[in-house]
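In the two complexes that follow, chain A is the common piece, with chain B as its partner first and chain C second.
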Partner chain A sequence: MHKRKNAFIIMTVPALLLFFTFHTYPALQGVYYSFTNWRGYGDFDFVGLKNYINVFKDERALHAYLFTFKFAVVSTILVNVISLIVAMGLNAKIKFQKTLRAVYFMPNILSILIVGYIFNFIFAHFIPEIAEGLGINALTRNILGDQDVAWIGVVIVAVWQAVAFNTILYLAGLVTIPEDLYEAASIDGAGPWRKFWSITFPLIATFFTINMVLAMKNFLMVFDHIIALTGGGPGQATESISLLIYRGGFEGGEFAYQSANAVVYFVIIVVISVIQIKVLQRREVEM
Partner chain B sequence: MGKKSNWFITTLLILGSLLILFPLYLTVTIALKTPQELADSFLALPKEWRFENFTEAIQLTNFFNALGNSAFITLFVVVLTLLTNSMVAYAIARNMHKKFYKFLFYYFVSAMFVPFPIIMLPIVKQTSSWGIDNLVGLIMLYVVYGLAFNVFIYVGYIKSIPKELEEAAIMDGASTWGVFWKVIFPLLAPMNATVGILTTLWAWNDFMLPLVILSDQELATLPLVQYIFQSQFSTDYNLAFASYLMALAPMILVYIFAQKWIISGVTKGAIK
Partner chain C sequence: MKLHSKLVTGFVSMALGAALLTGCSSGGKDDALEVFSNKSENTETYKALIKKFEEENPDIDIKLNAPPEAETVLKSRLTKNDLPDVMAIGGNATYGELARAGVLMDLSDSEMINKIQPAYLDMINRLAGEEKEGTYGIPYATNANAVIYNKDKFEELGVEVPKTWDEFVAILDKAKAEGEIPLYLTLKDAWTGMIPWNSLAANIQPEEFAKKVNNGEASFQEDYPEVADKMLTLLEYGHQDNMGVAYGDGNTAFAKGEGVMYLQGNWAIPEIKKANPDINLGVFAMPVTNTPEENKLVSGVDVLFAVNSDTEYSEEAKKFIEFMINEQNAKQYIDEQAAFSAVEGVFQEDPVMEGIKVNFQEGSITSFPDHYYPAGMQAENLIQDFLINKNKDEFLKKMDEEWEKVQNR
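Up next, the complex of A and B:
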């Protein structure tokens, strides 16, 4: 029995130490530096909560938060609506079901950075060219170059890529719903809408929760899309929080300041995730 | 059963799939055109396949070097992740009634909600001062960071494996290690497939970690190379697209042959 105990310790303790060293320790260091004025090199002093107060007064940071939230909320909603529709389509009695599933899932295996570069070209050259040929004036300019609408370009690419993953999850939920429920509902005279709201949606409630939380969390951390599409521009119109922390921390000599920003960011992500889980799970129970 | 196929939905889905296939069509055709052909028409198929774009891109991006780096990282990350993360999860799953292991479980899993930027700045300092700002360091970070999600899904799965199977082996004199490698690990096959696929996608496509950890250009991974390439040669689109296509191709080829397992693997991982 003793041997068994020892074996379990050997299986876990190295992992615990490594995890602490390379995950928790740096995180604690980040929190520690957030109370200093360290630039990433040289001497530093403690400055208390100054960095935190400054984050809340910093227009650039506030703008990054605003952009990131706007982007994350819109993308989460769009991704979930579209992927649920696609999943229901793929779950229906269709031809070429396997091939279509394979095609719809493909974006999930592609690097977001490279997808972003491809779409960058589409927005910058392809769409304007086609729009000009067709005489659609509204689309003849690169939307990524326009302060007001560049974020929509980022949303389009993010949705294009993320729908794949969420579709697969919804599909996994949909196949568990027994066919006879729908047949019984048909006999009772239920139409498609009624079937969706009374059978489909309640029965995939857990998948809805998972998808909403995962999508929101991932979109709040948006980085690769921005690098490939706009680099945060034009101006700072599409600068996300991750990008701001990366830039300010490594290139702007704001190591301590961006550490404070990262702590704020962390707290916000945890709060949003917890609220989402609580609210969505309550809905699951009520159904 | 026996119902007719719904051609209306089929048609809609085929039209929708064009939105996915079209950017890929553009990528392939642009990669094969000359700048003049591209200027003439974005949409047309290339008249003659221009493979020089690829050979030139291979040279400019040092493609095979990056491919080697990506393959090296992904291979080691996947193998090490499967061997170690499953073991950690096994120890936790079989001892959840004990405080220490219960703590470990929540400790690892809660890390899923820690955004990378909060550790990004310090970990870069740490890896460079310890001299592990290289491929080996990167592999280790992926394996360690993977614990958060992998422990979560492995533990759920191991709990569903009846203990009687292990007890029989213990009666026959097998050690805990023997039980794990001979009984449990083979039984984990479906979960190993899932973790393997998700880890492959992550290690292969990740951009942020190599971007901040690796300082030597020789060590750059495929996504990182596209980033460096883009900032230097952003004007020649044919060349750029040849480079993108080559970076995407290995995964697409794997996907074409293994999509059945990839789709089911991802599904299982996310449901647990």
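Up next, the complex of A and C:
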């Protein structure tokens, strides 16, 4: 018994060390620098809470927060609805089931820069040309160039790509539901709608929780989609918090200030994730 | 069999090359002079010139290091006190920071600066700031912010290169009336809006604008209304989706004959020619005012040479820079790179550049105003926003506020 414990410790310690060195330690450093006026190099002084006070007074940061939340909530809901539907379809006894599963997983393995390039082309040339042919005036311009709707373009791409991964998680959940439950429900005369709400949805609740939390967290940290599609524009219409932190911190020489922003953001993400887990776990059922 | 061994040698030399490259990027100190470059486009030219230099100076060994994300690499090496011996970097805010950090050698009493156009020396001195006396870099290659025009279309319209703002707008009006796209704008990429902005601001703003703002003697609200108005005027002459077209698509469209004029820098010309080698292009400096003599070309330092103040090889480093600014070598550089030279008497002879050659000969050039804005305010996105919402007063106020906010951090 003792030996086995040692073996487990030997297995976990390297991972812990690596995690601490490359993740926890830099994160703590970031917290440390957020109380200074460091520019990324050179000398610095402690400035107390000045950076934090400035973050709360920064309209640009506020705008980035609002955009990010709007984007994350809409995308999380869409991704979960769509991927659940796709997963149920792929779980049903259909032809080419395996091929289709592979096809639906494709977006997840494509690099975001390639995806961004393709969608940039679709938004800039493909849609406007079709719209022109059909005489739909509203769509003859690149929607990424319009401040009011550019975020929808980003949502479309982000959802398109994220659905692939969440579908896999839901599929894994659907497989765990025993077939006899559905048979019993059929005998009792339950329709498909009733079966979904009374059997399927409750039994994949753990997967629903995981998917909601993961999707929300990923979308709150959205960065590469925006770089690939709009660069935060037009104006600052699609500037997410990660993008703002990167731009200001690395390109703008405001390392310490944006570290403070990152710390605030970290706290917010933790709070949101904890609330999500608490609320969603309450409705999970045990088999 | 022969082919096989050739392949093997090829792979081995590639692997060796890669090993050498990683060897120098790790920054180990050895007995070679390290030349660090922040551009990937000009490495071939550097390599050729370095080879020539090494032949002339067999006792000096040079290692060229041009990593990706060079400015980040440079900044992180600065924190480790491990700067390269010679740095070939842009005349931008990073240079200013290095100069202020006191890690660059003061070259103001060397012979070399006498061979450089004073306008560019002045530019980089101002980047280092007032409190830092001296010249910490030798400007080498420069770029230009211009109006690129389709010569055939100018001929069809029967117009000449404009000398004043009114003439410029008259051409735009005429092109519009003839059903052409007068200006092919690519404002989906925010930075492309900075090209006209810099031309306008450089000729309109008061001297030493940035310094005056920091002293509270100037502001966007007082000094930029005309710039903002003229930006909005230009916007009227775009196409139907100014905010939806990006730089790459713009180059292709302009090459295919869409648009009479294109507001871009000299770096766009090779790209346009790639899409259509037969296009007949010309360039001119945007005439911003109605006094032709006052209109200057916006030109910045694309490459300057700076020397690490702690280098063991200061003599060798200076020798190398002297070699590079030698007229013949400077000419080779700008010919291969389609750039302009900061060295006196070295001019770009490409016929496309004919229209701005006079600016370099007479020294009627001025610097990029946005290089002196605080980097953290990210003016380009604010300007893009203004071009969408056209809210002049609010925008100028915001520019002032952002400037102040960033300075106070």
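Heads up, the rule we're going with is that the second predicted complex is superposed on the first by the 263 of 287 C-alpha atoms of A that agree within 3 Å, B and C clash if a C-alpha of one lies under 4 Å from a C-alpha of the other, contacts with A are read in each partner's own complex, and residues count from 1 in each chain.
Throughout what follows, a contact is a pair of C-beta atoms (placed from the backbone, for glycine too) under 8 Å apart; a residue touches a chain by one contact, two chains touch by 3 or more.
In this text the structure is predicted, and so the values were computed from the model without any measurement.
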Taking the superposition as given, does A:Ile275 touch the first partner, chain B, the second, chain C, both, or neither?
neither
Is the number of chain A residues in contact higher for chain B or for chain C?
B
Per the contact definition in the header, classify A:Phe250: touching chain B only (first), chain C only (second), both, or neither.
both
In the overlaid three-chain picture, which partner chain does A:Pro234 touch, first (chain B) or second (chain C), both, or neither?
second
So, does A:Pro128 touch the first partner chain B, the second partner chain C, both, or neither?
second
So, A:Arg141: does it touch chain B (first), chain C (second), both, or neither?
second
Name the contact category of A:Val149: first (chain B only), second (chain C only), both, or neither.
neither
Both partners, chain B and chain C, contact chain A at residues 40, 125, 250
Under the definition above, what is the set of chain A residues touching chain C in their complex?
37, 39-42, 51, 54, 58, 60, 120, 123-125, 128, 140-147, 230-237, 239, 247-248, 250-254, 256-257
Within their complex, state which residues of chain C touch chain A.
72, 75-76, 78-79, 93, 97, 101, 187-190, 240-246, 249, 374-378, 381-382, 384-386, 388-389, 402, 405-406, 408-409
Contact residues on chain A for chain B in the complex?
3-4, 7-8, 11-12, 15-16, 18-19, 22-27, 29-30, 33, 40, 86, 89-90, 92-96, 100-115, 117-119, 121-122, 125-126, 129-130, 160, 165, 168-169, 171-172, 207, 210, 214, 217, 220-221, 223-224, 227-228, 241-242, 245-246, 249-250, 255, 258-259, 262-263, 265-266, 269-270, 273
Of chain B, residues touching chain A in the complex:
3-7, 9-10, 12-14, 16-17, 19-21, 23, 26-27, 30, 42, 84, 87-88, 90-92, 94-95, 101, 104, 107-108, 111, 113-126, 140-141, 144-145, 147, 175-177, 180, 201, 204-205, 207-208, 212, 222-223, 226-227, 230, 237, 240-241, 244, 247-248, 251-252, 255, 259, 262-263, 266-267, 270-271
